[in-house]
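We just call them A, B, C and D in the order they show up, numbering each chain from 1.
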């Protein structure tokens, strides 16, 4: 009933040493993820360094990834911009390029003006003009603003707004979103340390960077919850916790890219001003992957 | 193995209309809680309005509550003060008055000086001189400061520091505390909206205001987790969520006191400058209690 | 000795009711400001709604404004973007379109990664490739990050980084920037309520929205400080305070646009999701302008 | 017309190595300050480590200092507590011990409940029962809460509330307080880096730690402003800025105590958990005092 329930990974954008999109690396990563049990991919999210891409690059990322995702998996595109106009335009382009849905981050630059009324107007305008379903997106750690329950309740009544991603870790807030929205409104979590708990509190799935590294483990956890095998789910959540905390935390996109390299994906360079993590952080992450027994054998 | 595992409620301090401690109300509440399955009580915590009591009143609260708690239940006393000296003194008095353990809130007034070194020295001095076991206490929503994992790891090595209460909702942080402390170190959660999840992530129990209102439900949840009956535990957590969010949130101690009145306890007046919640808030809380089917019949 | 000392106004971008740039209004405003004593203009700053413009629109704004500004006044262009690459590109385009200098806001999306090292690398890369002088730009109220004194000290040594704008109101910080940078490094304030005080503490000028409304008064204040006529300067600062507080505060760009309309400029519509201020705010602003005796007579 | 206009210093509480009040040191400091041009003293403020003293110690501090302050200088006592009841009691004791006025910090522990209504009720109750005039006190850096202009406006109408101290650096806010309160309402600044500017924006004086170290310089600055000799005032403010920033900033009370020792006062030990500053900080402060030419010759 809920559309886009499941586990998705946000796709990183690998860059070459000359700061252009490494298209081959991107294709390779997508192909590798498509061999896993992931329910779909999200491009142009925070972990995709979307705020650092120009519009042409963004369109190219969509096109490349779309080619690699078969129609039976979900393909979601981040299209949030600061202005309603740019968000509408990006949403239309994403739909034309094959997005199954769009994930629309809150505008946030003019924080004092970002009221519920302003958000409702903004998202309504986007939903009215979007050819594909719209997912709201709260990521206050980066934006400093947040859609409140009142805004989500109002917006969930729009037929083209089918769900939201809440990146924060306030389980009570997630539960309140769930209680104020229709049964077919999909809430997706964004915190891997909370994966199981968010699924229990009302989320129908998640979009988490951890799923880039250990996709099958994340899908397994989701499935265990679905099947009511909660003992196993809790054990798995605890096992994943150190890596989840490390990848979701202060190391940011550069840490995720280093971890992808260790796992046999091609993380590539982060785009400046972001810089690669230092060797000590790579060692920490290697240790956490090793503890999970998922590190590929070195040839 | 872990001492003070279980579900505890923080005890409110009821005041009369003339702003003195309502001792009869307090005795009555304690007696009523002792008919439930609660593992113990905590007096002089935030919900006990401890920062608003003078030392004589605090001692009186300890004495009254101690009388009502049999020896087979845990009796914990909050003794955190801004200075090490006052904390040591309060801890000794609490022990002399029968505390089984003390719960020591971080000092916090001089925020920029509250470093890991300062905290380690402070808690070590308290632990060295305390006749009873010490529990650390992070409640950054009120204090604006927080013990970091490094501090907790160092302090957990002290034989008289046996655990901590973490009031925040960062499950990853709780898991990190658990991973850095010995197996017999007790971590207690402080957020009712996270009760099940914190138990899953490493907590051995909780001190939550919700347990003042629906003590048996909270203990049941704890027991279900212990017994691995997680389906029932998750269902119960979801059922409790609206009340948990309401009581733990913006209504504060006055909201808790109003809810206690509705449940047949004697919340009494909050101490000024705190003021009773308005009727509309009481109605909201009544609705949430009613939805749980726990409201006592009106005679 | 200090280049770009003086009083500048950030130029708003007026939009038509169909959300396109109102070029006629923009030309009209620039022409009107050029009849005042302002030392120059800044386009594509926060008050220019730069984060809401696409690159083509931004270039158009530069071109239109450039035409209206004679060579003996300074013409500064905001070119900060999230990536180094886009900032370099925007800077080059701005220079090609006639910018005398660029004002480069800190990148800020990935807050935990925005360290002094990252900022130094970013700004050095921009300065190395910029055909025109670079001004650093701290506006933490919107970005949530801030260049620290260490970063400013290092960057001020670069021959193509000639100054900075500090939008915050921490006078001690401004004084520290002044004490750590060479004598010819220009610090510009960004807070109209602090205009006189920032000039006293080390600023050589300011970029303030208030100067859009009462340009001559702002320049007079700057001149009075230069000439040591501080009694008059203090009296003028106090007189301007209510309007300064109103325009710099919570009403944001929509408030500034409404005030411009009242003053006979053409503020135009804000771009959605921003919305015009309600009538009550317009009345408040009208009262503050009226108190200054600057409201144009209604025909 | 404004009572308690002038420059006051907050008095530190020196402790012995065994953590008791060093009464001799305190007497000595007070006597030394009384040889300067200071308009008065404030005991039991933040810099007096008031939150770390018990009630008996606080009364002793009042009594000792009172003895050393002649009747023609102002003697102000901090009496803010978390509860209205304790604040009223402390205020009465302070008056009985000879306070000329009381400075009442906002209660702050239960932050979400600290609304304008709650503050107005609290301060009204204190003012009604206080035998001496009441000064409101905002110090949000430590308390995390703040009296808003609406609250100050209402409270300034009470005949026994004669002024306030605003420790923050928001000059626009100070100006708004000034514009909303009667002509005889005294606003005192609390930031030494803003000393001149706050005097210009509406303050009639200040209570700043800097005045403990260089009392005559601070009084001179105040006098220069009064006499309209603003050139000299600005030059003096700039000269004092590095020390002002250092003492008001991250080094806290321990830094102030070290600086007092260097200046020939007796700072004594800070009370644990506060700890003395390390030698490197002492060297920095010595350098700043030396730059002012105020360091006493070493015998």
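Keep this in mind: a residue touches a chain if its C-beta (ideal position, glycine included) is under 8 Å from a C-beta of that chain, and two chains touch if they have at least 3 such contacts.
Keep in mind the model is a prediction, meaning the values are calculated, not measured.
The chain with its C-alpha centre at the largest distance from the centre of subunit D is A.
Per-chain CA centroids place subunit B at a distance of 35 Å from subunit D.
Chain centres here are Cα means. That of subunit B falls 50 Å from that of subunit C.
Touching two or more other chains at once is no residue of subunit B. Taken as a contact graph, the chains are arranged in a single closed ring, with each chain touching exactly two others.
Which chains touch which is summed up as A-B, A-C, B-D, C-D. The part of subunit C that touches subunit D in the complex is made up of residues 169-172, 175-176, 179, 193-194, 196-197, 200-202, 228, 230-231, 233-234, 237-238, 241-242, 244-245, 248-249.
Residues of subunit D that touch subunit B in their complex: 19, 46, 49, 51-55, 82-86, 107, 109-114, 117-119, 121-122, 125, 141-142, 144, 250, 252-254, 271-275.
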